[in-house]
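What follows is a pair of complexes built around subunit A, which joins subunit B in one and subunit C in the other.
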Partner chain A sequence: MRRKGWIGIMLLALWAACGLDPVWAGVPTEKVKETTDKILAIVGDPALKDPAQAIQRRERIRKAVDEMCDWEEMSRRSLGRHWAKRNEQERKEFVHFFGQLLERTYIDKVEGYSGEKVNYIGERVDGDYAEVDVKIVTKENTEIPVLYKLRTRDQRWWVYDIVIEGVSLVNNYRTQFSDIMAKSSFEGLLKKLKEKTAE
Partner chain B sequence: MRRFNIEFTVGLFVIAGILCLAYLSIKLGGMELIGSKGYDVYALFSNSGGLKQGSSIVIAGVEVGRIRSVDLDDYQARIVMNLNEDVKIQEDAIAAIKTKGLIGEKFIEITPGASEKIIPPGGKIRETLPPVDFEQLLSKYVFGKVE
Partner chain C sequence: MKETGLVFVIAILCFVSLEDISSGQSTAIYAPEKGFGVQRVELSSSQTSSLQVENMEEEPEPGESSGEEVPDPLEPVNRAFFEFNDKLYFWVLKPVATGYKTVVPEEARMCVRNFFRNLAFPVRFVNNVLQGKFFGAFEETCGFLVNSTVGLGGLADIAAAVDLKRHEEDLGQTLAVYGSGPAFYIHWPFFGPSTLRDTIGMAGDTFLDPVTYLGDYWYAPGARGLNVVNETSLKIGDYESLKKAALDPYVALRDAYYQNRLSKIKE
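Then we have the complex of A and B:
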C-alpha cells in the first residue's frame, strides 16, 4: 500500500515536470530578448563589419533568428486556408522559400542597424499564447512599437507573428498570397517566391 | 356611410405609411427587432479606433456580420461580433480594424486562417490588429527627422 502511494507521488511529480507550465517553457520576454541581444551583438561586431564577412554575418543572424521563429507556423498562417490543400512536399518547399524571402527582406533592415535602443515594455501570457511588447527608439527619438506574438511548441516559446506599427507580418503576406492564389495557382506563387529570393 | 369610407381609407394609408417608416428606420439603422440570427464571437483590441455598434464585418469585402457591442475591458476594447450562421472562422483568423477609404467609417475585416479548429459560438478571435493611425505615422515622419 505504501509503495503504491510512492508511485503515485512520483507519477505526479513527473506529470508536473512534463506539463506545459509557462514557467517551465521559459518567460516569453526572455526568449525575445535573448535573440535580439544575439543579433545586436553580431551586427555590432567590428570583426564582422568587413564586406568580405557579409555572408558569414548573414548566416549567423539567420541562425539566431531560427532559434526564435517558428517558420512552419508562420508559413502556415501566412498561406492561410490554402495550406490545408497542399501536400507534405509542397508545404516543405513553401516553408523553405518563404523563410528565404523573409530573410532577404528583413536581414537587410537588421544590417542597417545604427544604435537604436530596444525597450521591453511588457508581456501578456494567455495559456499557450503570449505577446511581448517592445519599443524600438531610433536615434531621432522616434518610438516604433513592435509586438511579438509567441506560442509554445515542444515546451518552448516560438514567435509566429510580428506586428510593427499595428501592421502584422502574417496578415500582410496572407492577403498578398491569397491575391496571387486567386489570380494564378500555388505553382505560380512558388515561382514568384523563387524569383524574389533569386534576385 | 360614404364619409366613413373616406376616413377609413385615409386611416389605412396613414397606418401603412407609419409601418413603412418603421421598417425603413429598422433596416437602415441596422437594428434587429426579434433577437438576431447567427452567432457571437468576441475579440480584444488595443484600440477600437471609434468602431461602433452596427458596423460591418467583412471577409473578402463581403459583409458577414455586424458589431453587437464595444466595451472597455481591462483598458482594452472588447468587441462582440454577430456573425452569420453559415460563416466559419478558423482559430488563427485575423480580425483587423480598417477604414473605408482614408478617413471613412471603420469596419472589421477578417482574413481566414489555416487552422482546422473553428471558433465556437461565444469563442474568442485571438489574432487582432488595431487600426493603423495615419496621423501618428505621418507625424512620426514629419517630426521624427528633426536633428
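Then we have the complex of A and C:
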C-alpha cells in the first residue's frame, strides 16, 4: 500500500515536471491569457467606468496591449514586399503610425466588452512560431473564433497577427496597402495613415 | 416560378462554362473520383491574382499566411454600389434598426434571430448533404427538431444550450467544395459583398428557404426585411468600426468577405 502511494506521488511529480519543463510549452497561451485577463480586469473595473476616467482607462489598456503585440512585425508583414524597399527612417515612421492605428482598433474592440467570456481552445507551437486558438462567447451567446499568431523575439512570445472569424488583420491591411501603393505611392500611403490616426 | 428556375439553371451553366474558359481546363462540377464531395478542392489556381505572384518574390517564412486576393474586374461599378450601400446604411437601415432596437427588447430580438435561423434549416441540411457532411446534416436535423418543438417553433435556441452545433453551409460553399472558384468579386446594391459563385449560391439557396414560400404579396419580402432590420439592430457598430479601422473601407470589406468565405469553405 505504502509503495503504491509512493509510485503515485512519483508519477504525479513526473507529470508536473513534464507539464512545466519543456521550454515553451503552454507559454504562448499564457502570454495571450495574461494580457487578455489584464484587459478584462481594466474593462470590468467599476472605478474606471466613470467617463472622467476614460483617458486613464484607455492608457492602461494600451499598456497591456503593448506588452503583447509586436507592432514592428505587424507593420513588416502588412507592408509585405514593400517593406524591403523602405529605408530605416521610413520604416520607423510607418511602424509608429500603423502601430497607433492597430492599437486604437484593438482598444476600440475590447473597450466595449461586457460579459464576454474568453475560452482557450488550444495552441500549436512550431519552433519560433505559435498559434493560440480562442473562442469569445458574447452576451448573445455567439461564438467568435479568434486566432492569435505569435513568434519569439528577445526570448519571449509576441503576437504578430490576429485572425478574427477567418479574417487576418495583417492580410486585410496588406491588401489595402498594396492597393493604395499600386494607385499612388508610399508617401501617399503614409499620408493616408497619418490622416487616419489623426481622426 | 418556372421561369425563375430556368434562369437559375442557365446561370449555373454559364457559370460552369465561364470557369472552364478561365482555368483553361475542364472543371467538373462533380468529380466522383474524388469521393463524394468530401475532398476539399482548393480554389482553382486561375484565381490567383498578381499579388500572390508578387508575394512569391519574398522568401517564404514559417507562419506566413498566403496572400490570396479575389479578382475584382468590376471595381468601378462595385465601388459605386459600395457608396450606395454605405449611404443606405447610414441614412435608412441604421436609423430604422436603431428605432426598432429602442422599441423591441434584446430578448425578443434574439428570439426573432433564432426563429429565422431555425427556419433556414433546409438550406443548411441540403448543403451539408451535398458536401458529404452527414454528421453535420444529422446534428442540424436534431437541432431543428429540438428547436421547433421544445424551442417553441424556433424562438428559443435550445439546441445550442444542449451543445448541438450549427453547421453553416450554403450553396456557395458547396460549389467551392465541388471545385468552383469564386470567379470575381461583386458588391451588390442592397445585398453587399459577394462573388459570382456566391451569388449563384445565394439564388439557389433561396429555393430552399421556407420564407420564399410564405405566399403571395408582401409576406416574403416583409419577412426578409424584418430579418435584415433585426440582424442590423444586433450588430450596430460593426460596420462603423470596420470603417474606422480601414484606410480603404471598400478594399477592407472586400478582403474581409473573401478571407471569411475561404475559412468557411475550409471548415
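Structure notes:
Heads up, the rule we're going with is that the second predicted complex is superposed on the first by the 174 of 199 C-alpha atoms of A that agree within 3 Å, B and C clash if a C-alpha of one lies under 4 Å from a C-alpha of the other, contacts with A are read in each partner's own complex, and residues count from 1 in each chain.
As a convention for this text, a residue touches a chain if its C-beta (ideal position, glycine included) is under 8 Å from a C-beta of that chain, and two chains touch if they have at least 3 such contacts.
Everything numeric in this text was worked out from a predicted model, so none of it was measured.
Aligning the shared subunit A places subunit B and subunit C in steric conflict. If you count the residues of subunit A touched by subunit B and by subunit C, you find the higher number for C.
In the superposed pair of complexes, A:79 makes contact with subunit B only, with no contact to subunit C.
In the superposition on chain A, A:193 contacts subunit C only, with no contact to subunit B. When the two structures are aligned on the shared chain, A:103 is found in touch with neither subunit B nor subunit C. Contacts of A:174 after superposition on the shared chain: both subunit B and subunit C are touched. Contact with both subunit B and subunit C is seen for A:165 once the two complexes are overlaid on the shared chain.
Judged by the touch definition given at the top, the superposed model places A:129 against both subunit B and subunit C.
Contacts of A:70 after superposition: neither subunit B nor subunit C is touched. Once the complexes are superposed on chain A, the part of subunit C occupying the same space as subunit B corresponds, among 76-84, 130-138 or 256-264, to 256-264.
When the two complexes are superposed on chain A, the residues of subunit A that touch both subunit B and subunit C are 77, 80-81, 126, 129, 140-141, 149, 161, 165-168, 170-171, 174-175, 178. Residues 77, 80-81, 101, 104-105, 108-109, 112, 126-129, 140-141, 149, 151, 160-161, 165-168, 170-180, 189, 192-193, 196, 199 of subunit A are the ones touching subunit C in the complex. In the complex of the two chains, the subunit A residues touching subunit B come out as 76-77, 79-84, 126, 129, 138, 140-142, 149, 161, 163, 165-168, 170-171, 174-175, 178.
Put simply, subunit B touches subunit A in their complex at residues 90, 92, 94, 96, 111-114, 116, 126-127, 129-133, 137, 140, 143-147.
In the complex of the two chains, the subunit C residues touching subunit A come out as 51, 54-55, 57-58, 62-65, 67, 69, 106, 110, 157, 160, 234, 237, 241, 244-248, 251-252, 254-256, 259-260, 262-264.
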